[in-house]
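What follows is a set of notes on a single structure, which appears directly below.
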Amino acid sequence: MGLEDKVVITAALTGVAANRAQCHWIPYTPQEIADEALAAYNAGASVVHIHARENDGGPSWRVEVFREIMQEIRKRCPIIINFSTGAVFVERDARIAHIRELKPEIAALNMGTMNYAKYSPKRKDFVFSVVFHNPFDDIMFFLDTMNKNGIKPECECFDLGHLESIFPLMDMGILKNFQVSLIMGVVGGMAATARNLAHVAGLVPPGVAWEVIGISQEQWLLVAAALALGGNIRVGLEDNFYLAPGNMAQGNGPLVEKAVRMTRDVGREPATVEEARRILAVRSP
Amino acid sequence: MGLEDKVVITAALTGVAANRAQCHWIPYTPQEIADEALAAYNAGASVVHIHARENDGGPSWRVEVFREIMQEIRKRCPIIINFSTGAVFVERDARIAHIRELKPEIAALNMGTMNYAKYSPKRKDFVFSVVFHNPFDDIMFFLDTMNKNGIKPECECFDLGHLESIFPLMDMGILKNFQVSLIMGVVGGMAATARNLAHVAGLVPPGVAWEVIGISQEQWLLVAAALALGGNIRVGLEDNFYLAPGNMAQGNGPLVEKAVRMTRDVGREPATVEEARRILAVRSP
Amino acid sequence: MGLEDKVVITAALTGVAANRAQCHWIPYTPQEIADEALAAYNAGASVVHIHARENDGGPSWRVEVFREIMQEIRKRCPIIINFSTGAVFVERDARIAHIRELKPEIAALNMGTMNYAKYSPKRKDFVFSVVFHNPFDDIMFFLDTMNKNGIKPECECFDLGHLESIFPLMDMGILKNFQVSLIMGVVGGMAATARNLAHVAGLVPPGVAWEVIGISQEQWLLVAAALALGGNIRVGLEDNFYLAPGNMAQGNGPLVEKAVRMTRDVGREPATVEEARRILAVRSP
Amino acid sequence: MGLEDKVVITAALTGVAANRAQCHWIPYTPQEIADEALAAYNAGASVVHIHARENDGGPSWRVEVFREIMQEIRKRCPIIINFSTGAVFVERDARIAHIRELKPEIAALNMGTMNYAKYSPKRKDFVFSVVFHNPFDDIMFFLDTMNKNGIKPECECFDLGHLESIFPLMDMGILKNFQVSLIMGVVGGMAATARNLAHVAGLVPPGVAWEVIGISQEQWLLVAAALALGGNIRVGLEDNFYLAPGNMAQGNGPLVEKAVRMTRDVGREPATVEEARRILAVRSP
């Protein structure tokens, strides 16, 4: 089995939007996050995507918190670390400081500005609706820091035009070694359909690794579609709590286990951390 | 969960191309075939697709053999019966007699003429290469019998143009209540890719049920893609022996069990026989 | 030839971004704009899309200016009037007042927030890069006014996710009789490719009229693609000055003439104003 | 303008299916065919695709006839010559003899077996319906002759699976320098839609030139789609007589003139013969 049949499974361990009232197993402290990283690693993930939280679960952009998370994870396992830079209502300097200081292997780079909403067909209303600001000026600002520090950008694309925003940056020579995440199911961005994924994944530049990120339970449909289309996948409590309708996962481990099972069911294999480093072309820490 | 989230799982129990030297668990006799139908039913299939064999495993078009298969299955379980009409080098009268006599709920209708080959990249040669003849004249001949006997055609489409051959027949008014199978991976027909499936499934007329049929181990990739795209699926020893590389299934039951697991993993549910009758709009026997 | 082979040609007469230093034939005053509307009508357009300008060419949102434009056009010809509501850095009240007061048949409704940029491969830099704000709250605010005044929204979609933002609004019952414009080629939105158009146009709800809007000279490629895909088209000095490389159009008339020729060249016919009213389901003024 | 914006226009001068009772301007004799080749060349075509006829218009496979056609064309202009090998009810030896003897730059290679029919919605019946036989064995037989004689195959693909039949031949190393024609609109093969073309053209191996061939008046829609998708085009009396509904072309020249106009209308340019030789990678004669 060649590397092209290996699947990089990323676990998005915690996010910042949900809390323990909604899901008891969401990790808050660096130790808890690192324990979840280990559980994900043991289950078959090769990358963790991380947002930091204060000990009460609130979002944190403090470098010391990210540092402690990184140290705790490195103690436990060799999993690849991907730190978020995405936030609504937070200054861009705050969103990049931990990247500059801590130099994770990968950092998320949000590739577009958009309406970012959730709709409830039951209530016939938006659950929330905000604007997620990522003007080109900010994208280039983040990219500059990543380039100077040898950090691989994970281009987070919530829409077709976000993916195609890659091309001017490549043409300017400031976006070179990167990977692509196709995030589907946020209202305002592209919908969570396998048909959309087949189209958009076909536009990722040849040789560039891509993964799908599905929000809520539709995630599992997209995982199946991405596995069939040759892509990588992301799961984890940040994106979706449920193994099945009504069956909440007791941590990231069971979500990764399900992702591993689905990977093997289509005839592919989860990439080890070492294989993932080669597939994603990320340096060792 | 509405009917649109239910998945009709068909088990293609035996076929005619393979034999017990290749896979010990292929059923030959009517009793063996019916036992496999029961195993598939118990595992979660709602339809069986059947070719008849003589007791030595050779292909059979004798009506009595099909009759005995049908009787033995009916004794065991209420699963929906779909009889094949497809063959290379067999006269069309022989390919339809059992349909006229026995009136299964569904009969396969091959929608095009094509090169039908298998290629070995290892040997750098075709393993076999024949022409599969299904001229429009034969298609209309088969359809006439099905229409007169209230049998639902399963339009077997090995290529994009086979699917689009449906339109003149609909326009003539001779193809009315039908379902579509998209068969992928035969060399000469369309390749087994999720990208092809996303395109071709999008062209099935609205309201018409469709399933994917994948040949060999690529089947599981296509099952994942079809589940994600909202389609039905077919598995079974006719199409593929293996649960995973090197792991041959000990009968159709384990293959259907895997299909059921994959169905639930994307958040859908296998249709019961009664649900399948409504989804496919087939009469009770 | 049925209505489905008729092509609604819209002329975007003036826009606000360009000026006479760049293109001598851009109309500024209500009389000039109305003269261009007549030229477009005579050439075969059935709809005009209009931004208002002050007499010096600067952008205007004054109701009296829009009123004079409307009156001058109505004097000259029965063409369908579509007024813009799109602007960067303008309050939403100002963007909708003329719609409420003047009740054009159609008003543009921008369906998403986005990075809105132009890139120069020659300079290796953005020519401009801003954020175009259209949060759902504003979309619903505009829609409310249009619904109360019987004005048909033209949903302007610069990206896949903008088109799919239609679905919650339809589900809430506040977006009913509407048409779709697919705007391609703005950096930050979807790229101007026929492959994108084939995908996105396939997602427009059945029975809803759609058109393509291409920015700059790539417009003509998209016009050809939309004509082949069964869509309507928009041309005009707002979108593109050039008939061919180096050959600037002397007004909107020649651009519409070219659109008419391309329409007939694929075997379709421009819709008359009366046919366009039926295709778009817009009331008479 | 780079070569990628140049369009190779092929003129299919005569075919064998139609006759002068249907279209007065169809050429029969070598002189007439060569005169039409010159007219096509003068209008902007860089390749001619040719079937031979006897002087009474009936189909001919006689090498002397093809030889005379070639000589007469060479006298008149340097246009690239592509000879057909396709026929129903003709032995394969007869279909390839002129290729071996005369070594045109390009020869057509039909890539699949299929139902080949024409349907009349008015009559609610097939106008004709045959099987077009091109088993892999014949394909390899033709290819062997082309390879030995340095003739570039034009892989004629009437369906998705015909295009994908290229891959085993490439893997065997017997199909190397080739071009692809996507033929749309024959009932039994893929339908003449821009949506199909967008999908199928996306599967042509990178770097391989492709053209669209549309049958009957839908041709012009497909020409527009192919021009927008970056492909080459074929027109000519073999495929379609009409410039517009009811307006029969008085020879191949006017059809090529229309193709040239459509090419320029999207912002591309017809390739000269020399440019076409480079784009198609064909030797000089």
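By written order: A, B, C and D. Residues from 1 in each chain.
The criterion applied here is as follows: a residue touches a chain if its C-beta (ideal position, glycine included) is under 8 Å from a C-beta of that chain, and two chains touch if they have at least 3 such contacts.
Remember, predicted model here, so these are calculated numbers, not experimental data.
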Response to the item:
Greatest Cα-centre separation from chain B belongs to chain C
Response to the item:
So, in whole Å, the Cα centroid of chain A is separated from that of chain C by 37
Worksheet entry | Centroid spacing, where centroids are CA-atom means, of chain A and chain D in whole angstrom | 49
Worksheet item: What is the distance, in whole Å, between the centres of chain C and chain D, each centre taken as the mean of its C-alpha atoms?
Response: 39
Item to complete: Please list all residues of chain C that touch 2 or more other chains.
Response: 195, 199, 202
Fill in: Topology of the chain contact graph, where touching chains are joined (line, ring, star, complete, other)
ring
Worksheet, complete the sentence: Checked against the stated definition, the touching pairs are A-B, A-C, B-D, C-D
Item to complete: Enumerate the contact residues on chain D facing chain B in the complex.
Response: 112-115, 117, 119, 121, 124-126, 129-131, 133-137, 158-161, 164-165, 167-168, 171-173, 186-191, 195-196, 199-200, 203
Fill in: Touch list for chain C against partner chain D, complex
194-195, 198-199, 202, 217-218, 220-225, 227-229, 244-245, 258, 261-262, 264-267
